[in-house]
Every structure is written in C-alpha cells, then in structure tokens.
Amino acid sequence: MRFARQTWTVAGKDLRSELRTKESLNASISFAVVILVLFSFAVDPTADQMREMSGGLLWLVFSFAGALILNRSFARELGNDCLDALVASPVSPAALFLGKAFANYVLLLLVELVTLPIFGVLYNTQWARQPAMLAAVMLPATWGMTVIGTIFSALTVNLRMRELMLPVIIYPMMIPVLMAAMRLSTILINGEAIPADDWIWFKLIIGFDIIFTSLSLALVEVVLVG
Amino acid sequence: MTNMGNNILYVMGIVAGLWLARNVHEIFLGLPDEAAQGAIYRILFFHLPSWFTCFTAFLLAGVSSILYLTKKNLVYDTFAVSAVEVGTVFTVVGLTTGSIWARIIWGIWWTWDPRLTWALITCIIYAGYLMLRRAIDDPTARAKNSAVLCIFAFASVVITYKAIDWWRTQHPGAVLSFRTGGGRMDPAMESILYQNFFALLLLTSVLVVLRMRQEAMSREIEGLRRHAHAL
Amino acid sequence: MSAVAADGVWKYYGDFPALRAIRLSVEQGECLALLGRNGSGKTTLIRILAGLLGAQQGSVSIFGKDPRHSSAREAMGMLGHGIGVYDELSAYENLLLFANLYGVKNPGECAREWLQRTGLDHVASSLVREFSRGMRQRLAVARAFLHRPSLFLLDEPFTALDDRAIALLQGLLLEARERGATIIMSTHQLREAMELATKVALLNRGKLVFEGPRPAEMLQDPTWLYRQYGEG
Amino acid sequence: MRFARQTWTVAGKDLRSELRTKESLNASISFAVVILVLFSFAVDPTADQMREMSGGLLWLVFSFAGALILNRSFARELGNDCLDALVASPVSPAALFLGKAFANYVLLLLVELVTLPIFGVLYNTQWARQPAMLAAVMLPATWGMTVIGTIFSALTVNLRMRELMLPVIIYPMMIPVLMAAMRLSTILINGEAIPADDWIWFKLIIGFDIIFTSLSLALVEVVLVG
Amino acid sequence: MSAVAADGVWKYYGDFPALRAIRLSVEQGECLALLGRNGSGKTTLIRILAGLLGAQQGSVSIFGKDPRHSSAREAMGMLGHGIGVYDELSAYENLLLFANLYGVKNPGECAREWLQRTGLDHVASSLVREFSRGMRQRLAVARAFLHRPSLFLLDEPFTALDDRAIALLQGLLLEARERGATIIMSTHQLREAMELATKVALLNRGKLVFEGPRPAEMLQDPTWLYRQYGEG
C-alpha cells in the first residue's frame, strides 16, 4: 500500500515535470524524425526492401530516440543533488526505481505512438494491419527497454562520462529484446501470421522482462546507496 | 605474496605451458585430417577451448561480483576484474579463430548468424564493463557499479551458449558428448579437446592470479598517493 | 539511547581511509558542530550517518536503528551541498512531493505553512528554475524541515548564504533544538556555528581528535580548537 | 603566429587529455561496433543490398559514433568551469574554436580509421578498392561534420538539456555533407568511377566546409561570450 | 585612468534587470569588497567586468580598454566558483597550459614556481582528478596568479575553504596588493574580506547603493553596512 503510494508519487513527479516542459519528449520525437530522414538517405528503400526492414528500422528509431528519454531519467535528479534527497527520504529504493521506470514507460510509449504514423507516412508503410498483435509486441518490448535503460541510468548517474558510457552499455544489453521486437514487428507489419518457429521471440521478450525486472529490483538499493 | 605462493604459480605456469605444447604436438601430428574439411578443422581445438575458458571466466566473475555485493570485500572485485580481463582476451581469441575458420570453409570472415552475433555482443558488453571501470575514480564505487553490470552481463553469455539450440544457425551445432549424448565426435579427439581446455584453464588461473596481484598493487598505490596528497 | 551513535566506523575509498575508527555519540537535544580542515572527512561522515554511504567497518545507529531503516529515515532531515529540490516543479509542488514521500498528514497544508515560514508564499507557484540562489536555499530549508525531523544532518549549511538567510536558518534550528531535536552540522564558518553548538567534534585526516562540550574559548576565538589539535 | 600557437596549445591540451584516458575514443569505437550490430538486424545484409547501402551505412555509423566525441568537446570544459577560465584568458575565441575543432578532427578520423576495417569484415565488403579517392571524400566530409559538431557543442554547452539538444540540432545540420559523403562513398566502395553527374556532391562538401568554417569562425565569439 | 571603470551598466536576464545603471570605478592598487545579499547581482557584475558576459547598456573599461581586448585579458586574473583547471591533466600540465595561453616567458619555470608557492610541488605530476578539495583550490589560485595579473576578479574566493587555505590566499592577495595590483572580490564572509579591503561597494537588487572607502565601523561589526543600507 505504502509502496504503491510511493511509487505513484515518484512516477507522478517525473511525469509532471516532464509534461510541463515537454523538453525530452519533443527532443525525442524530433530526433526520431531526424533518424527516419537520415535512414531514408542511407538505404533508399524500395517497396520490397521495406517489407523486410520495416520492423528493424522502427525499433532502431525507437531505441535511439528512447535513449534520450532514458538518459534524462536519473540525470534529472543530478542537478540539485535531488537524488540524495530522495534516497535519504523514507522511499524504498525499489519504489523509487519502479516509479521512475513507470514514468519512462509512459513517455517511451508516447514517443512510439507519435513515431509510428510518421514512419508510416514517410516510408509508405501500412503498419496498422494487426494493431492488437503489434501492441502485444510493443508493450512488453518497450518495458524491457525501459527497465534496462532505467537501471543503467541509475548506475551511471554519478559518472564523469555519463553520456559516453550509457550508449555503450545500454544498447548491447537491450539487444535481445530489440532483436525479438524487430523480427516480430516486421512479420506483423507485413500482415503475416507469426510462424511457429518465431514464437521463441515472444518467449525471449517475456523472459527478458521478468529476469531483468527482478534483477533490477533486487539490485537497485545497492546501486543507489554507495 | 609468499615465496611458496610464487613457486606454486611458477609451477602452474610451466605445467600449463608444457601441457599445451604436448597438446599442440598431438593435434598437428597425432590426429588425422578430417574427411570434409581437411587440415583446418584442427582450429577447433583452440576455438572451442577458448570459448569454454572465457565462459568459465565470466561465470566466475559473475559469482564473485555477487559475493562482492554481499560481502563488500574488495578481493572479490579484484578477482572479478581479473577474470573479465582474461576472459575478454579469450573472447577475442575465440572470435579470431572462428573468423579464420569461417574464412576458409565458408569463404567469408563473418556472417550475421545468431551464434556469431551473440558472441560479438558478449565481447562488446564485457569491453563495456572494462570501460565503465576506467570511468569511475573511487575504487569502492567502481567495484559496486561494475559488479552490478557484471551480473547483468552474464545474460549475454547464456544466450551465446544457447544460441545454437534456440535458433537455426549456420554455425555448427553441438559436438561434445555432454550436450549431444555422444556419437558426433571421435573420443580420442574429444579427449584432446578437453585436455587443451584444462591446459588453457590452468594458464588462465595463472594469468588471473598475476592480474589480481597487479590490481591489488595498483589499488594500494592509489591509496598511498591519496595519503601523500592529504599531507 | 543516544540519538546518533557511531562505533568504530571506517570508510575507505579504495585503500584510502577517509574515516578511521570514528566513535561518536550525540544525545537527543544536543547540537554538534563537526569541524575539520578540507578533506578531513566531514562530508563522508555525514553521508554515512544519513545512510547515503555505507561504512566498510563499524556500526551506525540512529535512534537505535540502522540508518537505512525507514523509521530512521523518517526521523532525519538532511541538507547537503545541493538544494535537493526540482527545477521544473514549482515551490509548492516540491514541498508537496516531499510531504507525500515522508507521509506527512495534510501534505498540502504543511507545504503551505512552510512556504510561509521561509517567506516564499508569494512565489509558491513559480518554478524553482526562476529562483535566485537565496530563494533556492530557503526552499531547501523548507524541504528539510517540513516533516519535523528529530535529527538534522547539515553539511556546510551556511555556505554562500547572506546574513538574512543565515539568520532564518539559525532561528529555525534554535526552535528545533528547543523542541528537542538533535542537530549535527559540518562547517567552516565557525562563528555562525558556535551560536548554536552545544558540542564540538574535530576531525583530522579521518580521525576524531576531539569530541566534547563546546570549549568556552571558542566563543571568543573560534579557531582556538584548530590551534590546539590542528597539527596533531 | 600568436594565433597559430594558441590554436596549437588548445588542440594539444584536448588531444593530450583525451589520449591519456582514451575514454571517448574507446566509447566511440565500441558504439560504432554496437551500431553495426544493430543495423545487421535491421537490414539483413545480403551482398546485393550491401552494394547499394554500404556508403549510407558507413556514414550513419560515423555520424552516430562521432557525435559522442563531438558531444564531449565542450562538455569537457564544463566540469570545473574551465570554459570561463579559457574565455577569460587572452586566447582569441577563433583560436579556441579552431584548436578544439582540430582535436575533434583527429579523433574523428581515428574512429573512422578503426571502424572502416571492422565494417569491411562484418559486412563482407571490400572498401579499399579506391583508397585515395575514398580519403579525398572522407577528409573534407569529416571536417564538415567536425565544424558543425564543434560549433553546436559550444552553443549548447550551457544549456540545461545539452544531451537532448545536441543530437536534435547537429544531425539535421549535417545532412548535406552526410548525404554527399554517403552517395560518393557507395560509388567508391563498389569500385566504380564517379559519374559526371555526381561531381556536384564533391562541390557540395567543399562548399559546405568553406561556408560553415567561415561562419563558425565569425560567430564563435558571440557564442562563447554571453 | 581608473583600473576598472563601469558606467551606466545594465544587464537584463530576459525582462529581469539583474544590474541597474551600475557606475563604479576602482583605482589602481585598491581592493574593493563587493557586498550584497543573495541574488543582488555580484556574480553578474564580476562576470561582466571579466568580459564573460556582455552588458546590454553602458560601458566597461579595464585599464582604459574594452574587457574583451587582449591586453585587458592579459592583465586579468579571474577566480570564479569553479576552479578552472582540468581533471585529466596533471597539476603541472595545467599550469603549463595556462602559462602558454597567457604567453608567459619561461612557462615551465613559472609553472614550477607556482606549484611550490602553493605547496603542491610534491604532487606536481598527479592528475587533478585525484586531488582533494583544498588542493584543487590551491591549484586554482596558482592558475589565477601565475601570469602576475594587475587586476584580480574574485567571486566568493573564501567559500568552503578552511583556515589554512584562507590564510594562503589572503597572503598572496596582500602581496599582490603591495606590488600595486587591483583587486575586486565578492563575498559573504565579511571578516575575511575586511582584512584586505580598502574600499567597499554594496549591491542591492542590482543597484549600487554604496561605494566608498571601507567604513571604520565594519572592522568591528562587519554587517554594519548591511544594516545601514540593507533595507534600502
């Protein structure tokens, strides 16, 4: 009960301060558009090629644009030593982590929601043929990204070279879930059914979520208290 | 460390060296060429043991990271970093031998097959671990943060290991009898393979111990420097 | 039971001992001024007492509990180098947030009360981003005081404050001391601290070289203690 | 004379402190590999597709990995308020800018030099068929990236949201030079001669370099002095 | 010719006037203590004098030159809130760098001399990253002094320093004043400043409300001036 209230308070604070200025949201979305444009120069996708790469491209964009938001998550606490104030308060570190993760999750989903139609227009792709299934991929895969991003944002928050270390660490760690999401999304966007062989990807995402969420909850106190 | 310890280390090093030399002799002169691949298949005797060695090193590093987080004794951290460093070297050896092999029998250095890809990712992740350590000045914080990363990182080792079971790969599947139930490899060959693995493991232990000493030494020096600064 | 007790606390940064066998106890209602030259370990000690850092050896207890125990954390008010409030939230929202996190009853009312007491009620809904340094510091004080802590941990609280802000803080601390709260503060500004301190501790390169009631000499000549123990 | 000495001193300082720890160099190179891996999921590189996209991919990697280095450039000055100390010293802002740009240039070229063979191996591409021409594209194109990156790094250095703003601003600004470099590199990597039509891309790069270098030199004083 | 002259300087942050019609002149060899409450504009003024910020109206001259003129910058030694030295370079390399940038003759020798004078010669080749706060501040002082500036601009130089470090800085400043250097410093630590100051200026919400020789009353009671003008 208390735990839930604390989680909610933390998530509420993060969402409120983000939605007030919309700074990272705007930056993230415009970065997504920038990447989409850059890609179109790089790969000049014909309709056929797009069939094969739509999912891949989409998740590349999600992960690059999302990193901006994840990056800010704990960096936001740095400015005025707010992290100390939070950690010294009676909030349990797990509630703190979950609260921040929820806030990031909402923001990432917002970015994805805005990016998807833009992607559809720019690359002339009908992405909404199987919306329910697509959501069933996006929701857990985004959670996986969020958990990794949030915990490593906490881990690197006090580093001298945060902006450098974060991309080097989080992208490789996210790869399992990204790979799975890319593969499944490509199939879904092309309007096909998921072949029996490929259900393993679903399991991978779910397993990833469960393992890394529990690991993060178990380790976050250690991470935050020196 | 004591003289005794040094002597044991020397002996271990020499034994490992001799053992490896004997294995090499056996591999190149004792074993016949393989029917399909000719001479090149011999690289397997280095390829597979170096992967096993690096997996073992990463596993031990992960365990020792957990121990660090529970016991807060810097010795565990010293072991973890030494094991990861040596393990990363063997990862690179595994990638290189694999690439050479691929070049000869597939005609290309690299292909984006799940096994290969995951092996590369593992390499990047542990390189990231080593980079993270260099970015943190306070040894205690460094130990803590890298321990957490080391635990997460082990997931990639598991995936690399299981990749051949989970996906259809161009990379060959399991050959060792403990995974296949036997029959895919000549017992004589398999025995040499294990012998090479244990010889490498012995060598690894020597390297890890040396590296641990050096790490402890540099931490001590760092402490002394801070002392000097405080004057 | 002491309000704060540290027993044989060692803290290493790597192999460098920043704190060495610290043994300290502060009774309820006392106000301890923690003195020491730059790098002597004051910040480290305060962070350990606050549970923000773990000690390698020794034990710390806050009202008999581990510093990370939630009842210990509820009793603590911490003011570090940073102000610990958010730039993107308004003054009121900041206080409301912390009131909620501390589980204060009537958070809204409590936040408003503290805005008033620190003279910020006229800017309650301005974002902190727009505040000047003095106003920020006031808000930080409000944040640290609003759950009526019974233990204050203050790291150089008077730094870079003007006379008015110092007077505000001293007033609030005096009031807290009168209602029985315990105070531990580190500082280089001895004059400001001596008005409050009932007890003094001196750190020298990580060792506690003096701990006791404030020597009478220090009221006249604040650096007296340094000269006594400074070279030790 | 004095100007050259100041430039050299600034560049030397940046290079020395970077090469001492090699932090951003390492991070940038391993980020380059990470991106190469990520792309491989997205594009399924068969020989045929690679022919068309090799240059595009290469410059995407260069620009993403390079951004880490450019990002650090002025951020390095933030830590202890070093920027104030530099700006208050008798160094002319143009010398300061050029010095930092040279240092970045050297580092970016190093990253590209390391990335190229890795790219060649991983994507099974023979990139070195026309090395001299490739260098003739890479040198000026990289300078273009460097100038844009350095000046905007200076511009955003004091912004609260530096990590957010920089990518959103610099990639769109770099697009002309990136596009040209992508196109030319693809042709060169495939071992073809540059068609007469495509010389315009060369001119674009050179023009870009000249214009933006002069603009930056003219504006850097305004950027640095508030 | 005054060493420093500001005439009708206005500085706005957006619509907010942080400095209003500042008119100030400091003769060579004087030491001005710039006082004022939090947010009164001290830092802003010092940054404008140093040429780090531009004023919207009015003019500033340093020895008769624009602050951005290179001869003015060569004459200036600036010490702000940050230390202005690089973490990844050694103490010696840092000083060498600034000696080179200032075009000092014999940069290497000069760097070594200042390491010695600030008591850092035994750690000359350690990276600054490893330094404690006190050592960093010493190095910052060395950096600001090494080209023998004839004008010092110091923003709260005594903040968070211990007694020893304060004594070092005061000694160096006294020496500089004796050789004819001009000093402008902002501070809240009036006692430390009054030992040096020959002149006092008081800012109140961006206006200069007092400028003149240090009132004798302030030696005994440093806050005297605040009480005289504080509410103005």
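For clarity, chains are labelled A, B, C, D and E in written order, and residue numbers in each chain start from 1.
In the analysis below, contacts are C-beta pairs under 8 Å (C-beta built on N, C-alpha and C of every residue); 3 or more make two chains touch, one makes a residue touch a chain.
Remember, predicted model here, so these are calculated numbers, not experimental data.
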{"item": "Chains touching both chain C and chain E, listed by label", "value": "B"}
{"item": "Both-way neighbours, i.e. chains that touch chain E and touch chain D", "value": "B"}
{"item": "Chain at maximum distance from chain D, centres defined as averaged CA atoms", "value": "C"}
{"item": "Remotest chain, chain B as reference, centres from CA atoms", "value": "E"}
{"item": "Chain pair, B-E or B-D, that carries the greater number of C-beta contacts", "value": "B-D"}
{"item": "Centre-to-centre distance between chain C and chain A (centres being mean Cα positions), rounded to whole Å", "value": "38"}
{"item": "Geometric centre distance via CA averages, chain E-chain A, whole Å", "value": "47"}
{"item": "Euclidean distance of C-alpha centroids - chain A vs chain B, Å", "value": "32"}
{"item": "For chain B, residues contacting two or more additional chains", "value": "121, 124, 128, 131, 135, 137, 140, 222, 226, 230"}
{"item": "Touching two or more other chains - residues of chain C", "value": "39, 54, 87"}
{"item": "Chain D residues counted as touching two or more neighbouring chains", "value": "21, 23, 27, 30, 34, 37, 41, 44, 79, 160"}
{"item": "Contact pairs between chains, per stated definition", "value": "A-B, A-C, A-D, B-C, B-D, B-E, C-E, D-E"}
{"item": "Residue numbers on chain A that touch chain D, as the complex places them", "value": "23-24, 27-28, 30-31, 34-35, 37-39, 41-44, 49, 52-53, 56-57, 59-60, 63-64, 68, 71-72, 75, 79, 160-161, 163-165, 167-168, 171-172, 175, 178-179, 182-183"}
{"item": "Contact footprint of chain C on chain E as seen in their complex", "value": "36-39, 132-135, 137, 156, 159-165, 188-189, 191, 223, 226, 230"}
{"item": "Chain E contact footprint on chain B (complex, rising order)", "value": "137, 222, 225-226, 228-231"}
{"item": "Interfacial residue positions of chain B with respect to chain D in the complex", "value": "99, 108-112, 117, 120-121, 124, 127-128, 131, 134-135"}
{"item": "Footprint of chain B on chain A - complex, ascending", "value": "151-152, 155-156, 158-161, 164-165, 168-169, 172-173, 175-176, 197, 200, 204, 211-212, 215, 219, 222-223, 226"}
